[in-house]
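Chain IDs A, B and C follow the sequence of writing; residue 1 opens each chain.
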């Protein structure tokens, strides 16, 4: 552990001496990626500990949101109100990594430039199927069908084509293909992991023993 | 039984059928429409409304009336089952049969509630996706001097190998049909394909045979059913033709296909030579 | 001209009221576009005059370089020395317009990041996507997705980055960007033109019958 720290210190030395320090180095890296970057990878690249990098990213996030911080690096997260105008972009932790997004306030302006990713809205059937897969993953089409009471084959195919779900192996017993939600789904939802999905329980009144019945064969 | 008077004829079938995607959807719609407990839903009334709705659809030239009708049969069965279970006294179960019915009732309600829960969640997910679509991620291409740092690509594909890859990638991926659980069936399975071979062999003698003759040696009803299904398959494949003198008359089957039926079986890998 | 100005004024009204004002709106656009954006285009979109937008862009540029400006919008360009740490990104005016780049001071860190985890081999998904594009070119991403049954956006981006495919105009009907294979791809394959690719069996599906499916509104 101590040896690792030494190595890290060597790495961090030159970064800290650069204008803007480690925070600016992180920004520079975030500028060239086209997908969320994991904290661990950022830590490795800038040569700092994961915790330190996590704190710096949170500090950057707050800065973009308009909380001024004149201190360099390792800035304590204060509960002070926003004192500066927020930037036109924000830093967010999604799908297990960090990524820069335009701020929603400017959606109407940005959308005139970015046609990419402007996808058609999902149908009700697609949304419901996606919901079942996201909450019951990995899950077979048969089981999704049973829950939804209709055949879901074509909807599953189009969700896969849109990159929102993917195959994830086969069921050991039945050999049926299992499906799970993708990283892209998390990105589109703006959440970090499937665990951040809203709780299902409040929507299921009085069904504490749900597990039992849902595993029964239909 | 109905808590409210029947809606005016002009109102039509009020459950928004164009949006419904299955029996549960319709069931939920019905329950909320009639604002009543499931036991109070008059199945006959709902059926009347539905049939009237279907008739109007057909008159309007909607060709999906049949789909709707078949979905409704599933719904009606679910509803009936639900009602039967629901009408039981909710008190202590007297015996195992009562218990089983109560469990059935609970199971159906649980499934319906689960479906409702997922509908609510789907709405949340839909809203979330929509509001998130207002944020745009930075999606930049690497600047040329950084892109140049990418390690030189390893390429070991000959044109032939690459073509094989393309062939695989371009071959349509036919998804396996959704598996239907057969755990509840205890009867030995009868293979329809096998039955069609038996029929083909019988018809190979050259003259027409009645369906009665074709099933004369069937040991069980299941075999009769399988032979009938096999005939439908063969009719579809245009290797047999039917003839019937009048309603309920004897069904005559002719062989109209090529000489050997086994040719059609080539895909199953069977070779009887 | 005066009518155009009127329209622009209407546009600028609501932008100025947004948090961060017109400067933040410009940032939002610049942060998510990957090609230089012309000043005139930016001016039209935020509903300000070209001169005003030019001044705002210079102000942003200076802000990123560490010259603090507490004033909002229309900030006079001062000749004061940099007082804050520069950001990890910079705004540059290049041929054709303005674009945000990672700051050159951090090039060695960004390089480390680019080389980190990059393998010299194409993934199976990338190879298959390349095969579909090579044999069906020019072809849109939506079509490739329809054939492959998965979302191919990020794979297409990385194939383009690798120089194996390139854009080749847009589809007359849908306006979708079309892709084709490159000379570099032919070089790597050791053939002189795409016509020299081995023939595939004639019965493979073309794109005609995929039309319905991909156009269905899921």
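Note that in this section a residue touches a chain if its C-beta (ideal position, glycine included) is under 8 Å from a C-beta of that chain, and two chains touch if they have at least 3 such contacts.
Just so it is clear, the structure is predicted and the values come from calculations on it, not from any experiment.
With respect to subunit B, maximal separation of chain centres occurs for C (centres as means of Cα atoms). Chain A has the Cα centre that lies closest to the mean of all protein Cα atoms in view.
Once the centre of each chain is set as its mean CA position, subunit A and subunit B turn out to be 36 Å apart. We define each chain's centre as the mean of its Cα atoms; on that basis subunit A and subunit C are separated by 21 Å. Rounded to whole angstrom, the centroid-to-centroid distance between subunit B and subunit C, based on C-alpha atoms, equals 44 Å.
Counting only residues that touch two or more partner chains, subunit C has 31-32, 101-102, 110, 114, 148-149, 157.
Contacts with at least two other chains are made by residues 136-143, 146 of subunit B. Residue ranges on subunit B touching subunit C, taken from their complex, read 136-143, 145-147, 149-155, 157-160, 162-163, 165-173. Against subunit B, in their complex, subunit C makes its touches with residues 31-32, 34, 101-102, 107, 110-111, 114-115, 118-122, 127-129, 131-132, 134-136, 147-149, 157, 160-162, 164, 188-191, 196-201, 204-205. Put simply, subunit B touches subunit A in their complex at residues 19, 21-25, 74, 106-107, 110-111, 113-126, 128-143, 146, 175-181, 183. Only residues 15, 18-21, 23-33, 37, 45-46, 66, 72, 84-89, 100-103, 105-106, 109-110, 112-114, 116-117, 145-146, 148-151, 153-154, 157, 213-214, 216-218 of subunit C touch subunit A when the two sit together in their complex. Interface residues of subunit A, counted against subunit B in their complex, comprise 30-34, 89-90, 92, 99-104, 107, 110-111, 114, 116-119, 121-122, 124-125, 127-128, 130-132, 134-135, 140-142, 145, 147-153, 156-157, 174, 176-177, 187-190, 197-198, 200, 203-207, 210, 213-214, 216-218.
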